[in-house]
Amino acid sequence: MYKLKKQFLAGPYLIWMIGFILLPLAFILYYALTTSDGAFTFSNIAAIADPVHVKSIVLSLKLGAICTLVCLVLSYPLCMILSTFRFRHQSFVVFLFILPMWMNFMLRILAWRLLLSNNGIVNSIFAAVGVGHIKMLNTPTAVVFGMVYDFLPFMILPIYNSMVRIKPETLEAARDLGAGNFTILVKIIFPLTLSGIISGVIMVFVPALTSFVISDLLGGGKVLLIGNVIEQEFMQGTNWHLGSGLSVVLMLFVIASMALMNVFDKDGGGTAVW
Amino acid sequence: GSSSNTADADKDTLVVLNYGKYLEPSVIEQFEQETGIHIKLEEYESPEEMYTKFTAGSICYDVVCTSDYMIERLISEGEVSTIDFSGFSNYGNLNPDIIDASRVFDPEACCSMPYFYGTLGILYNTTMVPTEEAQSWNILWDDTYRDSIIMQNSVRDTFVPALRLSGYDINTEDEDELADALALLIEQKPIVYAYYVDETADEMAAGNAAMALVYSGEAAYAMELNDDLSYAVPEEGSNLWIDSWFIPKRCAHRENAEKFLDFLCRGDIAMANFEYVCYASPNQKVVDALDEETKNDPTIFPPDEILEYCTVYKQLGIDTTERYSYLWKTLKSE
Amino acid sequence: MKRKLINLVEITKSYGNNVILDDLNLYIRENEFITLLGPSGCGKTTTLRILGGFEKPDKGQVLFDDRDITNLPPNMRDLNTVFQKYALFPHMSIAENIAFGLKIKKKSKAYIEDKIRYALKLVNLEGFERRSIDSLSGGQQQRIAIARAIVNEPKVLLLDEPLGALDLKLRQEMQYELIRLKNELGITFVYVTHDQEEALTMSDTIVVMNQGYIQQIGTPEMIYNEPVNAFVADFIGDSNIIDGVMVKDKVVEILGTKIPCVDEGFGENTPVDVVIRPEDVEIVSPGEGFMDGVITSVIFKGVHYEIEILAGGYEWLVDTTQCYAVGTDVGIRVIPFNIQIMNKPESEDEEAAEIDV
Amino acid sequence: MVKKWSQRVYLGIIFLFLYLPILVLIALSFNNSKSRVVWGGFTLKWYASCFTDETIMRAFFTTLQITLAAAVISTMIGTLAAIGISAMKRRNRSIMLGATNIPLLNADIVTGISLMLLFVKFMNLGFVTVLIAHITFDIPYVILNVLPKLNQANRSTYEAALDLGASPFYAFCKVTWPEIAPGVFSGFLMAVTMSLDDFSITFFTKGAGVNTLSTMLYTELRKGIRPELYALSTILFLFAFLLLLVMNRRSDKQMTAGSF
Amino acid sequence: MKRKLINLVEITKSYGNNVILDDLNLYIRENEFITLLGPSGCGKTTTLRILGGFEKPDKGQVLFDDRDITNLPPNMRDLNTVFQKYALFPHMSIAENIAFGLKIKKKSKAYIEDKIRYALKLVNLEGFERRSIDSLSGGQQQRIAIARAIVNEPKVLLLDEPLGALDLKLRQEMQYELIRLKNELGITFVYVTHDQEEALTMSDTIVVMNQGYIQQIGTPEMIYNEPVNAFVADFIGDSNIIDGVMVKDKVVEILGTKIPCVDEGFGENTPVDVVIRPEDVEIVSPGEGFMDGVITSVIFKGVHYEIEILAGGYEWLVDTTQCYAVGTDVGIRVIPFNIQIMNKPESEDEEAAEIDV
């Protein structure tokens, strides 16, 4: 009886959503499907097949995938370690990873530029250790590095959340039935954190795929991701229609990820990163 | 966009669109104090960005400062109104040569007012690069400086060395000539350290690169930080750029805008701006007041012989603009 | 008698400054259904976890078939646990849950399938192989947890209040099921509960614990009929526990009345606890018993009435099949054989400490 | 023992990775040189001058205004929405949650541009448009923080309050609210953080004369960043850091006060 | 007899296509302890929630003191609920929890403090005012939930399995407490449980429900001794329920043997259910009863032994205080008065439907 009334509380948000989420997307779609004269066309979307765009989207997919993989490989053991600490407040851990964001994103990337540059701190350390000088700045490697840095928390948090939800009895039961550490990891912990992994992968892969500032700042303008192309169309080439068309193509990836998320995360719990 | 804009009808305001950090803050204050007009300053990074903002039309700018070819484009699109310089009391302070030079993009010289000008050249580190080598664009293709060359992260500037090396006009619209230039640039890309806009000066000052393609103003800023740096405009010829003010047709506060432009021409004000920005000022009063060393610094004030083989950008046709955009993407995705 | 399978030797365990188990000794015979019974927090679960290998004792040894397994991890031990909250693997089907231990032991596919079918039949859930865990009721989940444990053919099955979360009817059903299983499988059961009815119904041997000490070990009949102290008497079923004085052999004085009993050897005029079970009190006409009183409450319990009689200043609890009206004057009679006399412990602690087995 | 040790080392490396740039920036804020690549000795002067620099202060206050206003408004809308969504049937709920994910997953640039296209059509870019944009991308964070708390919250306590004579509103304030308050609070904090850190969306939706710290930094990049900005950022960061410590302390105390 | 306080008239409620309550009629008298008893899912909670105002019936009326309150929201009703999971407000102290309803009614500070002290005394938790909720055990929390409800002096207290989460010992204790409270406060209790022992112990009136229908309403004795059908008989305590044929008045044939009974009027050769309580079966020497059998299982239950006897192809459940060995041949005897004869329902559904009161 109260449920109906309660649902109306979502009313303001619904209006907001229609006005400022869905309507703008409709605008993008409109631009994507028209020429500058307002005539209908598919060419803006078909433009993704242009070799230049194909190249950049392939590069974006590649760097995004590498970044996601690195984040996953770094996060998983980290979350396992963190979950053995019984923090009184889970939110404390969460905010430890969110906290760096209070320092402006551009400044932090800038700091990485200082650290990674030819005679920066990282190279000095490498030199001291005897690894020798490694050119990192203005390479795809640096871009991946920056992406990993920026998106790592978005991988850690959902995995950590699903990890702490595993009941200790479940692990004890597995051990009791003869499972060693490796079996427990593969057969119990991994499947039970799968929904966290999926949302983590999506939360990292999608922004990595679409990012443009990081590649600009750490790639030295030599790494052209699909996000840079769109930015260029909007800001330099000023072909909004082409930019919109490419954006719509990007959104297909986003929608596909969301669908994936729905399949793997039935209760909607994994989406709740925080 | 909505062209009629009445929300900002407040008579005592002036909406100014300018490059970032291109106006001494105290100048704004002084203007506000003297006239009681409140300035809303909006800044941008590149002319193209400015074009986006401007044509989006959601903000009604009263006065805009931008680069030569962009003004030409806006004039051709009918967005620029003529300025009544006769009502100005300080317009005479401007160097007529520079006003003449701006006829390339503003044939009548009635729609724009020069603000700063300068050249495009090579900023190099004298400890790594011999001065004589830096007098040719060829050095940008020299494999010994692999990973020590910084190019501009903007299309037309980066195409200038390539076009001039092949002997083409920097305002060419010929597809083949552009293709040749692109081939050169693609050949160059592996030895390029980075395509930077903003970071060039700092990187050069830090000694992270041997040379960079920069504007003269930026070069001056970097040289202040690092004594080893020097600046040269290669003899193959380069770009002379003029940043000028114009008043859009849609301007809501024409009177205030003209008052502001006149104010900028005032000797003391132009001086303040010069000291803040450090680019060559077209204002004769400023030049006169400067000490000899500054006045003769070729980095700041390009000598006439250099100006001779420099060309101002012309606005390109829509096809060529899109061609440039595509070539740029091709270069970057290599 | 059967061979001793497990031997807990002088086990001591504390958390921080909190001594949970103090010098505990206990052996478990082969094919025995042994129940650890005691109030909440007395250390039952801790004992079980030490047996299962989930905790290490601070001192003492766990011997299994005379081999010291104190430091063996749980996955190397030949026993399996059924957890209170079932602890099924939520991401696996029922068949996968049951097959878990077998797959680790690398059994053949055919063997595993046979075992699954056999185990499901054993717990009366034939045909549930493909179902998911959350489609099961609590009782069914518990059966699966048991099935998952027994397919591994452990020598010993440990069960920690496996029926605690079930409701009465289901609990009773599962009790029978467990007894049947134990008879069919012939393995040793170590069962933890704080429900004395459950303990009495199922066990071969009951171990009554309190505050980390073992109070009494014995068959259900022994524990119920001859509790060694008031704690056990009170914990196992309702009792009338009355302060008394052993006047001399075979005569005890309670509530100012001397009555005959069968116990001897307490000395003269020794303070004792006198325990009388409610069903052992007979209601007779006033004057016919050793004491007269008045009925203050009558509660219908189905099989019998639970009656309270105020007599000699004490509220006697009496179970009888006959109904009386509240306010009736009655007499009380108990045959000497049904009067249990127990030494009074000097303090609570001593009560706990005195009987280390 | 070795395991514990190596775990700690690993943890340390990850945190170093996350916090190293911040240490660099903090160091720069004490650098007595305008260039970020030259160490000119230790100084505190940037801390003094950042408060007197008018453009910095104006951008700072605009940032504060937008951040706080957006966080407050999005917290209100988002909390109400979460309550509404939690009462919805499965299908409606997943539709709503799906739409909620859009601003979260969509490329910043697409979100920013799509909003710009909308604003340009119907209104003037300015403070309000930035605010609307920020609210739009803040709301999902609030919803995703509140929703789990609502699902955890004991439904029957709300009914118990009604049963004891409370009106639905009173029952919400006194019973449901305290249970979801931590979620609302962390949603608010997330919203503040995201607003503070955003560049792309602000960049596309801001109007003349409106500058946040992010957009100002972007234009500053052209001429080298003024060291005052490092100082200001350091102050902001330390403020957040202290806030976090205090929060952790306080809830610790509450916990211990709670059990006896 | 006392006045009818609450009247549920023709209540129907369904969720989706699922009819939960079908045309239910029930009245509750003033100062009565009435228990809704039935298996899980039979609609007890739903009935209680309709009473409390948390659900609206699809059809029918709730009359309170002859006033229609069907559409009154919970906060306007003169009754209070004690929830199964206590539903205490975790962020408030105990005193604040208890004061919650009174503050809403804008009572004076002094009044509220008096009431808190009184209520805490009533539930035996004096001095607990400042304590926090999570420092309490389950039983204590349940007492606080009751205190919180009764300070509002409701005319009716609704309790939904309030003792379900407590363990046996605590449950028993709280049962006595509740009976005492009811006697002291003189308010009406509507109690929901699926534990028949609890229902028998506490209720003035028991309402046995199944699948949304009321099966029987009566005092505990009536329900236990004269169940109207096999469902009630089976649900209230263990029973031997055997298919029989009423040969003629006072003679019934079960398992091939004719035995005397006291029932009449079923007609001749009518199939019936014969219900015999385990405690009513006497074990005698072979040949001395109406049937011989062999003992198949003996379980010690404390007060009595639970024995299973295979006789006439049926496993008889027998409660007796004497111990027998498994395998003993014995006879079975039941006095005619203890044999209950019931009409057979033609189908399960009819069984549920036939007795609408």
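Quick notes on this one:
For clarity, chains are labelled A, B, C, D and E in written order, and residue numbers in each chain start from 1.
In this section, contacts are C-beta pairs under 8 Å (C-beta built on N, C-alpha and C of every residue); 3 or more make two chains touch, one makes a residue touch a chain.
Every value quoted in this text rests on a predicted model; they were computed, and no experiment measured them.
Chains touching both chain C and chain D: A, E. Path length between chain A and chain D in the chain contact graph, taken as the least number of steps between touching chains: 1.
Note: the chain lying farthest from chain C is B, by mean C-alpha position. Farthest from chain E in terms of Cα centroid separation is B. For the pair chain C and chain E, the distance between C-alpha centroids works out to 27 Å. For the pair chain D and chain E, the distance between mean C-alpha positions equals 55 Å.
With centres taken as mean Cα positions, chain D sits 37 Å from chain B. Separating the CA-averaged centres of chain B and chain C is a span of 91 Å.
Contact with two or more other chains is made by residues 54 of chain E.
With touch defined as above, residues shared between interfaces to two or more other chains in chain D number as follows: 36-37, 121, 168, 218, 221. Within chain B, the positions touching two or more other chains are listed as 199, 206, 208.
Note for the complex: chain A touches chain D at residues 2-14, 16-17, 20-25, 27-28, 31, 74, 77-78, 81-82, 84, 88-89, 91-92, 94-112, 114-115, 121, 149, 152-153, 202-203, 206-207, 209-213, 227, 230-231, 234, 240, 243-244, 247, 250-251, 254, 257-258, 261-262, 268-269, 271-274.
On chain D, the positions that touch chain A within their shared complex are 7, 10-11, 14-15, 17-22, 24-25, 28, 36-37, 77-78, 80-81, 83-88, 92-94, 96-111, 113-115, 117-118, 121, 132-133, 135-136, 139, 141, 143-145, 147-148, 168, 182, 186-187, 189-190, 193-194, 196-197, 199-200, 213-214, 217-218, 221, 225, 229-230, 233-234, 236-237, 239-241, 244, 248, 251-252, 255.
On chain E, the positions that touch chain C within their shared complex are 39-40, 164, 167-169, 179, 194-197, 200-201, 220-221, 224, 236-237, 277, 279, 299-303, 306, 319, 321.
Taken together, the chain C residues at the contact with chain A in this complex read 52, 54, 73-76, 80-81, 83, 85, 87-92, 100-101, 104-105, 148-149, 152. Interface residues of chain D facing chain B in the complex, by the touch rule stated above, are 34-38, 54-55, 116, 119-121, 123-126, 207-209, 211, 218-224.
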